[in-house]
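Presented below is the structure to which this report refers.
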Amino acid sequence: MNKTPAAGAPPKRAIDIVNASLKRRYARERRFRFIGLSAVILGLSFVGLLFADIIAKGHSAFVQTYIQLPVHFEAAVLDPDGSRNPEVLARANYQQLIRDALRTEFPGVTDRRETRTLYSMISVGAPTQLRDRVLANPDLIGTTQDVWLLADDDIDMLVKGHIDRGLPENQRRVKDQAVGWVEQLEAQGRIAKRFNTIFFTNGTSREPELAGIAGALMGSFYTLILTLLFAFPIGVGAAIYLEEFAPKNRWTDLIEVNINNLAAVPSIVFGLLGLAVFISVFGVPRSTPLVAALVLTLMTLPTIIIASRAALKSVPPSIREAALGVGASPLQTQIHHVLPLAMPGMLTGTIIGMAQALGETAPLLMIGMIAFIVEIPSGFTSPSTVLPVQIFLWADSPERAFVERTSAAIMVLLAFLILMNLTAVLLRRRFERRW
Amino acid sequence: MSTTLDEMTVRTRATTSAELASGRESRETVGDVTSANPRMVCRHVDVFYGSTQAIKDVSLDIGKNEVVSMIGPSGCGKSTFLRCLNRMNDTIDGCRVTGSITLDGLDIYDKGLDPVPLRAQVGMVFQKPNPFPKSIYENVAYGPRILGLTNSKAELDDIIEGSLRKAGLWNEVKDRLDKPGTGLSGGQQQRLCIARTIAVSPEVILMDEPCSALDPIATAIIEELIDELRSNYSIAIVTHSMQQAARVSQRTAYFHLGDLIEVGETNQIFTNPKHKLTEDYITGRFG
Amino acid sequence: MHTSTLLILVLAFMSLAYYVGRKRAISTAGGVTRINTLHSLPVYYGLYAALWAGLPALLLMGLWAGFQDDILVALVKSELPATMLDGLSPGAASLLVNDIKNLASGAIVSRTPTPEMQLAADRYNLYNQFAVWAMWLAVSALALGGMAFAWLRTQPKMRARNRVESIFMAILVIFSSIAILTTLGIVLSVLFESMRFFQEVSPLEFFFGTLWSPQTALRADQIGASGAFGAVPLFTGTLMVSAIAMFVAVPIGLMSAIYLSEYAPRKVRAWAKPTLEVLAGVPTVVYGFFAALTVAPFIRELGMSMGLNVASESALAAGLVMGIMIIPFVSSLSEDVINAVPQAMRDGSYALGATQSETIRRVIIPAALPGIVGGILLAVSRAIGETMIVVMAAGLAANLTANPLESVTTVTVQIVTLLTGDQEFDSAKTMAAFALGLTLFVVTLTLNVIALHIVRKYREQYE
Amino acid sequence: RDSVWIAGSSTVFPFSTTVAETFGRETSFPTPKVEALGTGGGFKIFCSGVGVDKPDISNASRAIKLSEFDECQANGVTEITEVKIGYDGIAIANSKQSPVIDLNLAELWLALAKDIPNEAGEFVANPYRKWSEINPDLPDVAIEVLGPPPTSGTRDAFVEIAMEGGCNTFDAVKALKDSDKDKHKAVCHGIREDGAFIEAGENDNLIVQKIVANPNAIGIFGFSFLDQNTDTIQGTLIDGIEPTFESIADGSYPVARSIYFYVKNAHVGTIPGIQEYVVEFTSDKAWGPEGYLVDKGLIPLPDAMRASMGADAQALTPMTAPAN
Amino acid sequence: MSTTLDEMTVRTRATTSAELASGRESRETVGDVTSANPRMVCRHVDVFYGSTQAIKDVSLDIGKNEVVSMIGPSGCGKSTFLRCLNRMNDTIDGCRVTGSITLDGLDIYDKGLDPVPLRAQVGMVFQKPNPFPKSIYENVAYGPRILGLTNSKAELDDIIEGSLRKAGLWNEVKDRLDKPGTGLSGGQQQRLCIARTIAVSPEVILMDEPCSALDPIATAIIEELIDELRSNYSIAIVTHSMQQAARVSQRTAYFHLGDLIEVGETNQIFTNPKHKLTEDYITGRFG
């Protein structure tokens, strides 16, 4: 009590001693609580800081610059024999159309170098863009259309303001002349930033404006699905066996220590192991979600097992006794009573393990995941890469436009992570109880 | 917070929807709920678990140097009421207390009042023994340590031995003070919890069936302890044994379905209960 | 006719078997009303039948899928004109087979197919079809056979639950041994190379040498550095970085766990915990950049302004960021175990007049200790094993120093740099990576043994 | 396997992938898979044998070594076609916030060598701490150079070209060349380990950003990274020559190296697309002076060399054993 | 496993080091430990917790249609002995049982014997109520479900209602069957655990102070239940109330510090104990 209660108390009342020291104890309490709160806030602000940093760098990658040009779909170029044969149309020289369009737009450009600069304003992916349009609608042939064409990454950077137009020309990748053209187009409203669908639908590419994360995302998806399928049952099963059924002796102690120790093995060593065992001995194909999942399973197992064992340990023995006492078998006791109570902890372990697997690069270096794979993987055994590796590769690319794409890819990875965690968190909440 | 009993205005009870739902008003308590020399004064206490009401408009005093026993059928709200007296109900989600409870005139449910010293002053022995997962020694030493009641190891050792002796456990555990308290038998755990409580010399002691797991001899020791403690402190005890109530308490309160049916001198309650329900219960005709 | 269709078929068989097994159990018992004469619940007879239907079939399927292609290839090869295979190394033969397979599957081939190849491809397709049919038949037959067997075995006295449970138990044992096998695999895969390393470099130098500069004498034509293999600086570096990381992660993680489970309102907890967990999943490359480009310069500036000499790749920067990464290992795992401490423990403490923080410090934490230590151990382990952050932020220079403001390198960094990039086949340099891996393994094993003993000693079991 | 598999140098990776991508887009072959394992890592699996589970092409930022070639031979990889694809300049640069530095190779060597000759011609541990101690005209700041680790091809090239070039300007060293070849090499190639040279990992972007953050530091990395970041960093003049596209292409900028890829001839004709890929790579529209690889930072070979190299490559003429 | 009682050879007791350490041989049991019509036969049972011995050479039968009560001071080993009878001791780390215990002639500690059906057959009510953290309904339904005692929801509902009624809890909980069992009062939890145990109709029931938290009326209900169950089953009950032992049991066993001191007809034990220790305990002169 904050006040000393009624006077006239017997001489040495415990409460007096208590009250005397109360202030100090409360100071300690407040301090403790404050430290706790600061810890949470600190932790959360790290998350915030990282997110803010990443979003600030990456948000602009979600839009992409397009340049509008009147393109004449010259029949002579596209379909010289007039057959409208899709095969012929597919092989036609669409580049030509774009170059023509550019030259008509900027008639003054004649110098060879200048023409090159001019052509390079439009992405090398633009011809494909045109081809798809023509294939979808062959009637375009012979007409002139205003088409929004994908801009090259340098122009994209310039339009987004990542290249400072105020710098001296020799310190810029985009030269004055190109800046002039861009400004001219901007004045005409022929430059627009649109939502970057390519980023979400394409596989990777050397051209930043064509590079997408779909391949890596699918790779991560397949990898994680498999990892979860392998690691969760194995981890939980192993934890249950070791904690609940295995006889407690030196041998199981050794296993426990050993599992703890596996968590400290550098992840790249798991890559070595995967290379030696899964690829060399069992012939699992390289660079596939399957082999990645196997390696990541081995890597995440300790996390899941340790967390699950801790969770099992915290279930009071009386619950087990109660179940055994009415004739439940040990396995039933586990499945009906202990497991539901330990599930939140197990799920936490799984969340963290999966998060780790999702963000891991090092072991994948060893098993061929650090690769340029354009095709979007279609299954567990098609060659693919994963998000963190894609990020790793993009981060190592010279092109400036990859900087924002790297951050955007990180954002997608984090979104993936959050989505994944959300499911587990919801599950976890269903199981959580205090008694 | 210098509210004294005199100044204290008993809060008016609002009829809650839960009460209306339960379809019945609480019963009037028979007998004198007050004590000549009260330490704790409860007035119109209602307790709700979520929307169900477990205690209905109970008023009761606990006097100085007196043992009040609470009896009543299982589930009638004795533990719930007891837990109100040192705000242990705070820890139960969804548990809500209204009405007023004062200790030496101070409203213990006052917003500004801090339950921590209150609980040091109003100790409690729980119905289910809950020893800490520590050694027997540490279990008893815990209270004195955190409250800073001792200055030296020797003093602490004394307190621990004294408390364990009073609880009649010393002989059984003196050789294994460093063994975990959770490895004791049921009755030993119960006595350990009693020792743990008296080690901090609380002025009011709430005991929820402290002898339920004890044999007659151990029970006698605890009853003796209660009698001894009474000379300085106030005690509220929940018990299912009428004999025990009769032996240790000066006043007895009979609870029934959340109502305090009757309060009175222990003698009177057991020999001459006024309320029909009390009588039925005492004579075993109930149910 | 895809394998996954067959898988679904087997699963369907299993469900059927489950249903049939149950039914059969009930009928042998004499109807629904008499099922208590059965040894086990009907469910278990169902599971028993399902397992008999499924397990052998799945096993066969696995084996079949694993060996089918090898057998087909052997068949096709044996029928190829001998001249085609003459003098081909196994690798070259595999290329030929690959071409035949490409031809068979209708993909682009690398040359105009010869009639022999075309024939082989056709045969391959034929055999393949046949094999697939055979597999379907065999697997279905086995599934049905298993089901029939279970059907015959089903009678009230059969101890179906025990059988099913022993199968599950066996599965659990297999799961647990995976950890052992992994260890075995790791040890074996590093032991060999380590032994070879120690033949070239004396263990004495490796374990007690204080100079690490492995880039020399390794390739006849490369002169990198002095070629010293004293691993001590690596271990002290690892120790320092991990210690700094733990210095960040343990207090923040543990205090967050405590705050979230004991003080924070439910709602805050509900979103704060998963938010913190995100930290564990941020790719380590991202942390690497964060450490190298944000934290390290900041620390350097700060140090400079205080007149300290700070390396641009200080151990401090790497350690701090690594600490951030492993916060959730401590916070989330601890939070779960703290939450699992029964309320009665808290009640017991409050009733003695303990404040909340006293209760937490003296009752709850000790009770939850095994789990908390588990989480911390996991965090330490992660710190020791983490690579990318240190590669990018702590540099590669092996300094033997106790000053966190200097740059150090860690064991993992060295392993990665030695194993990736421009490496030689059997140089001591590459093998040094294995020796480092092995040593790290042994060192952490020792640490874990000690940790286990400590936990055992202080463990407090409630109830 | 129906697609080409390429593995090796991370320096060649951007070029290789660009070709692969175009190849995949413009032909009916699937896009080749390109793995970035580093030059040595690439040779390691490339030379491990012939077969579907071995790569078809190995990228390299240096020529194959004899030891690697022998390993290849031993494993049945007998016929290898070597294709030199162009040059990669190695830029030495610092932040724009500091003045441009003008070095010659000798000064560079003096700044980074492990041991240098003193007046008496004896070799002593490098005493220089500041640039100005080497040459009073150089800035008065501590020597702090961030560069790639020895596992990287960039480092190899830097050592072989810049360091060796620098050390040979000293008579004492030059004398060694004839007397004690090994010693000469050790002296020329030895990079100091006292903290002035910081091994900053394989990620060139990271080095770029680190020198931006630390204006006193100098970084060593691939030319394309300088090219992409001209707004924040500036190339150091070496022997008075600025690292530019032109100066590297015409050979006046001294620190440039050749980059290569190697084709496993045994796989040609069994894995579809290898030959076609080589053709694409060696077509003018790819590696020519106006080709798309130039946009990616490749410095093309001189025309004549390109023509002969291209012809050899397309004919898949196997190489002979390298000199060392 | 077709060992019958006749064939069974009582294993010879080896004097263990622990015993030697404890410095004293176990005492001989006074009275007839056998039962005319035994269901469970225990011979020379020793129980150790680690190295300390909690039960010393106890032999006792539990007969058909008989209630055996076990009394003795707190910590004397009653719970320990009870837990041996359905192998609940298996769950305690470091607990070791020697000697022989048979149920209908089958050695329950036989290696080949499966403790699971044994425990369904020998039900147990624990000293500390331990409801599952599930609903009240699920608490009781659990046993019948896993043992497959019912075929329909209706039948199950019947069993649950019946069990709760027999345990005298039905009226208190019938409106809140879906509420958690852990939210009940102490006595209610105890009755819930009794209901849970009898729901699976075990043939032998072990009850460890089943009425410790119950008021006289609830106690009477449980005692009635015990009486009713006795007609079909065998019951062993630990109790601290001599009155209760006298009321419900036919035979009584008195434990003291791990020894079984005396066994006999309940009447005889309470009116005419043969052993000095028993007498002291009964008359309250002990301690």
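Every chain is named by a letter (A, B, C, D and E) in the order it is written, and numbering of its residues begins at 1.
One rule holds in what follows: contacts are C-beta pairs under 8 Å (C-beta built on N, C-alpha and C of every residue); 3 or more make two chains touch, one makes a residue touch a chain.
Model, not experiment: these values are computed from the prediction.
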Chains touching both subunit A and subunit D: C
Chains linked by the largest number of contacting C-beta pairs: A-C
Centrality ranking, top chain (CA atoms only): C
Of all other chains, the one whose Cα centre sits farthest from subunit C: B
Intercentroid distance (Cα basis), subunit B paired with subunit A, Å: 57
Separation of subunit C from subunit D, taking each centre as the mean of its C-alpha atoms, in whole Å: 36
Centre distance in Å when subunit A and subunit C are each reduced to the mean of their C-alpha atoms: 19
Gap in Å, rounded to a whole number, between the CA centres of subunit C and subunit B: 54
Touching two or more other chains - residue numbers and ranges from subunit B: 116-118, 120-121, 128, 146-147, 200, 202
Shared-contact residues (touching 2 or more other chains) in subunit C: 161, 289, 342-343, 353, 355, 358, 420, 461-463
Shared-contact residues (touching 2 or more other chains) in subunit D: 10, 30, 37, 53, 202-203, 206
Touch relationships between chains, expressed as pairs: A-B, A-C, A-D, A-E, B-C, B-E, C-D, C-E
Touch list for subunit A against partner subunit D, complex: 116, 120, 124, 128, 163-164, 167, 170-173, 205-207, 283, 286-287, 365, 368, 370-375, 383, 393, 395-400, 403
Residues on subunit C engaged by subunit E in the complex (per definition of touch): 32-33, 35-36, 38, 40-42, 159, 161-162
Contacting residues of subunit E [partner subunit B, same complex]: 49, 71-75, 77, 79-80, 127-129, 168, 172, 183-188, 190-191, 208-209, 212-221, 240, 242, 281, 284, 286-287
Parts of subunit E lying in touch with subunit A, wherever the complex brings them together: 86, 88, 91, 93, 115-117, 119-121, 123-124, 126, 128, 130-133, 142-143, 146-147, 182, 193, 196-197, 199-200, 202
Subunit A residues touching subunit C - in the complex, by the definition given at the top: 18, 25-26, 28-29, 32-33, 35-40, 42-44, 46-47, 50, 53-54, 233-235, 237-238, 240-242, 245-246, 253, 255-270, 272-273, 276-277, 298, 301-303, 305-307, 309-311, 313-318, 329, 331, 341, 344-345, 348-349, 351-352, 354-356, 358-362, 365-366, 387-388, 391-392, 395, 410, 413-414, 417-418, 421-422, 425, 429, 432, 434-435
